[in-house]
Amino acid sequence: MIIVLRSDASENSVSELVNYIESFGLGVEKVIGVSQTVLAVLGDTAALPNDIICDFEAVEAVKGISEAHSLAGRASHPCDTVIDISGKTIGGGGFALIAGPCSVENREQLFTVADSVKKSGASFLRGGSFKPRTSPYAFQGLGGEALLLLSEAKKLCGLPVVSEILDKSQLSLFDDVDIIQVGARNMQNSELLKALAKCGKPILLKRGWSNTIKELLYSAEYLMSGGNENVILCERGIRSFDSATRFTLDLSAVPVIKSMSHLPIIVDPSHAAGRAEYVRPLALAATAVGADGIMVEVHNDPPHALCDAAQALTPEQFDAMCKKIFAVRKAVSSCDD
Amino acid sequence: MIIVLRSDASENSVSELVNYIESFGLGVEKVIGVSQTVLAVLGDTAALPNDIICDFEAVEAVKGISEAHSLAGRASHPCDTVIDISGKTIGGGGFALIAGPCSVENREQLFTVADSVKKSGASFLRGGSFKPRTSPYAFQGLGGEALLLLSEAKKLCGLPVVSEILDKSQLSLFDDVDIIQVGARNMQNSELLKALAKCGKPILLKRGWSNTIKELLYSAEYLMSGGNENVILCERGIRSFDSATRFTLDLSAVPVIKSMSHLPIIVDPSHAAGRAEYVRPLALAATAVGADGIMVEVHNDPPHALCDAAQALTPEQFDAMCKKIFAVRKAVSSCDD
Amino acid sequence: MIIVLRSDASENSVSELVNYIESFGLGVEKVIGVSQTVLAVLGDTAALPNDIICDFEAVEAVKGISEAHSLAGRASHPCDTVIDISGKTIGGGGFALIAGPCSVENREQLFTVADSVKKSGASFLRGGSFKPRTSPYAFQGLGGEALLLLSEAKKLCGLPVVSEILDKSQLSLFDDVDIIQVGARNMQNSELLKALAKCGKPILLKRGWSNTIKELLYSAEYLMSGGNENVILCERGIRSFDSATRFTLDLSAVPVIKSMSHLPIIVDPSHAAGRAEYVRPLALAATAVGADGIMVEVHNDPPHALCDAAQALTPEQFDAMCKKIFAVRKAVSSCDD
Amino acid sequence: MIIVLRSDASENSVSELVNYIESFGLGVEKVIGVSQTVLAVLGDTAALPNDIICDFEAVEAVKGISEAHSLAGRASHPCDTVIDISGKTIGGGGFALIAGPCSVENREQLFTVADSVKKSGASFLRGGSFKPRTSPYAFQGLGGEALLLLSEAKKLCGLPVVSEILDKSQLSLFDDVDIIQVGARNMQNSELLKALAKCGKPILLKRGWSNTIKELLYSAEYLMSGGNENVILCERGIRSFDSATRFTLDLSAVPVIKSMSHLPIIVDPSHAAGRAEYVRPLALAATAVGADGIMVEVHNDPPHALCDAAQALTPEQFDAMCKKIFAVRKAVSSCDD
């Protein structure tokens, strides 16, 4: 930490400051520059409250220096993390296509969709079991029953499955789920993150709609520092002042995260768009911006879907979109300079 | 639901729409106006997806009519809810002063603060036990030990206590807590809300920093529809583009909530401000805007607080602020026209 | 306008409402439904204040029906607008590459950049003359001198030029500019828009960083209703709570605008990103999402640029990016289904 | 400027950095600490682009030190600015009540309102002449005619008048206006600000709805560095994700600005609220938070107002509100500790 002193700071006021810092067991080194004098604080300054330091009379400004050397950061882990799930990988140059219904509604619906998305090229099957709904009167998901249907679908179609957990007490039901999803509303549910850190399964961690990228990485840090390094980040739209789309998809998060972290980052265009007609252009944009994959909602009968009906693609729309995605992938990755 | 038809809608396209609506078991009545024709949909339209209706060729616009008659809404409950906690009330014209340290750190700290805030006029003692922190490396609270200290403090000073829960598995530890707080990060943790609906204690429900007032009322609805009508709402700042304060305190939420709901609404100026010097003016503003109370962080030694040091008031600052608050209360409520 | 009456509205209260509406010279038709009664207001309701209507005792809800039939809207103009500028077109399926320095600094800088971006495939040359800066102490642009240099550059390289105007008093200096840009800060400068409506030149209208898409279209309406139909819209990032990028590029604005309006929409990834390393991925995403073009800042010596140095690409970076853009364009538009 | 070097920076990479800095004519001093080495850059670093420095291989972090010593800042001007307008003052402990119609509509309306607000205790009369409207089809104000009516009203009621300017070409019409208002949409219209810096009249500068407090102070700096020190700042609501009110009134801006600047800061609760029923509680909150005044819209017949009808108070509502405001003022300022 660097503390810039006011040019008119009295000796007394500087002593008071130095005493305060030393009360935390830290050392202080004085650096006298041409126009300004600076204190360098030596040692682990994590416990020292910046804002309090700012309030000392002698202080003009306080500057932190080193970011905590985080587990999620590129600095400590320059190469991309690649996560292997039953032979399918996420991160490190591949492209994961995760597709399926918002909610598992019944066997026929799930199996029809699973079959069709697999044929179109999906590598993972998603399906909601426990649904986090704004209103208590909205459909809350089939819960454990949905997870059993997902297990069956997985056996039949061979795709690893992704489903969202809402509470650590549900964990035992997720034994046959390959990737456990933490939704936007739970991104900062620290108790859930701590439990998932111990579960031994890859976690798909969605960015909260009002969380910064740094906060997303801190939530990943809860998982990683607890022992789970298999973390997949997911951008799904942030809340802005414009309601033209359900959320504002922040595609710049992809290159920003790529530069800050080694973790894979995928994009969910469905929840951001809120409408099927915008899903395809946003999915293509996510592909072009360099995401490690996308997660898309597909339903065999969108007009009668029990949840988020307006944003679901039909299997035919999904298939046409996949062809375009593969073409854009090729264009972006070919002849890399 | 009112569906406005396009002026050039073909008979076929209208039939297609009517069939779709009838597939949900609903009736349709056609109203032919001067310049526009309108369909009135009869019955419970909750399951009918607005956005899908919009996509029908025949449709120009869709208009919902009646808000769900919610338990939290004024319509179904015109009088203010008054919550009685060991003889102290919140809502209905009184003013609750909730004060105490961000985190319970040790017996001496808690008892010193409890004693001082009581003398200044506080009606409730707050103290953090389980702390929801952005970083896993930050102080996470003393947990159950803090709750035991709060019980002791309650016996000594006689003030009912408020503490935050993070997960439903912690519920048994909150037996002696008078008001259980749900923090901003957990406002939409539906599993926690469902559990708290059954706990028989008043809940202090903080607005998420990126949640609308409607969403806050929906979260209250989780508690109320599950059987718990003792819900206290709390505005604590929303996230905006400006970082001059930690969050942007949305004081207009108070009159808006007063007009929409019968539940009491208090204000937490400490977390919004992020700095002690802004707490007092914001607390006075909260009083003047008509809040049912405020919740403020007080610490006997702010510069060495383990959590949110910069926003804690000293007991002396709190005492001076209380005097002003009482004066403003009197000015606002006197000779009401 | 449809007014839904309260089920318990008295006859008196309904009469009062009807009288008020009729005081605006409008007619009222009563529609009695099964569970609700509705008033249809006949005539041009533009002058009728919705919010006031809402306050009448008899009223449960007010629903507007028809959007004003705007000149910028798709409804009145189903085909894409194509703008022809000296034989180069924007809109209707082509892709405009606008590139050049943030500010024109001197002849050598401008000509070097103009020459290089043309070789890489740019179709328009941009160059700032009058710069809208947050601080009065920052470089304010070369003004008229810059416009003279742009004229020279245009003759030499043959590319039409784009430059930003700040005030209508500068208009006479823009005679030789092909596309006049209105910046984000001036999107709602109605006096400037009214003057530009009469200028006879295509206008590049940037979205304000806190303006909705609807407001952008209303600003286009100022130009169009004043007689200028050659309007090019531009998404350049909106302000959000995250400062990881300078602004949050809202790429969903592209398909949303495509569905609402016939006007061309281009994307400026440079100002949104704020950093050169993020410009390329965002430019590729803009291409994939269906934009009609992009506008990018290029500088021959970014580290010494007088304005926005960190976001400028070198000519080499721009050239490499163009190759990728052309590949993505091909992938997206090929074999369209 | 302080540049923190990477611990593994090579000598070559440091030389490269030093050469770059010296190419701006600046000096560099090396400070070798215990765990980190730091470069102190000496001289005026305003032209040195921080972001470019960050990109040098040798650099871990860059820290600016001194804020520009601005004219609007407290540092250079510790006492509150007090602006005297025909014997009425704004700033320095007084409280300015500015009231009047959103738009001047006709003589009768203006005179009725002027007379009534004066009786209630208003110290200034506001009235819109040129109106900045989102839509070109909305009422644009009476323009010069409104300014003539304001002059008449001023003579009759004796209150100084406030009106908004949209373009510098209108300046000659504002001769008899006492305070010229710059609206939110024009806060960063640098050409207008430069012209107003020379006009010799006090300026009421409204914060743009998506501008930070720092940017507001920079806009004040345009006026002050151009020669006009009579600047009154105004908070009028910022844009957030919640549409429960028209804008989100950021009352924390008042204490923040008080701590950063010596300029007076008033609050406009009418435009933030968007609805008359919320104006009074927000006005009381603005008073309690320490604002130097408020500006409120009053209309003799709100339901037929030509502009912003829903947010106008009747003269009776305004009168009742003023009584409360005076009481809160007294409570807040009495027996100050």
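We just call them A, B, C and D in the order they show up, numbering each chain from 1.
The definition used in the following text is that a residue touches a chain if its C-beta (ideal position, glycine included) is under 8 Å from a C-beta of that chain, and two chains touch if they have at least 3 such contacts.
Since the structure is predicted, the reported quantities are computational estimates derived from the model, not experimental observations.
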Between chain B and chain D, the fewest steps along chains that touch one another: 1
Comparison of A-B and A-D (more C-beta pairs in contact): A-B
Chain A and chain B: spacing of chain centres that average the CA atoms, whole Å: 26
Separation of chain A from chain D, taking each centre as the mean of its C-alpha atoms, in whole Å: 38
Multi-partner residues of chain B (each touching 2 or more other chains): 210, 239-241, 243
In the complex with chain C, residue positions of chain D that touch it: 20, 23, 46, 49-52, 54-55, 68, 132-137, 140, 166-170, 185-186, 188-193, 208-210, 215, 218, 221-222, 225-226, 239, 274-275, 302-305, 309-310
Contact set on chain D toward chain B in their complex: 210, 212-214, 238, 240-245, 248-256, 259, 272-273, 277-278, 281-282, 284-290, 320, 323-324, 327-328, 330-332, 334-335, 337
In the complex with chain C, residue positions of chain B that touch it: 2, 4, 27, 29, 31, 33-36, 38, 40, 42, 60-61, 63, 65-66, 210, 239-241, 243
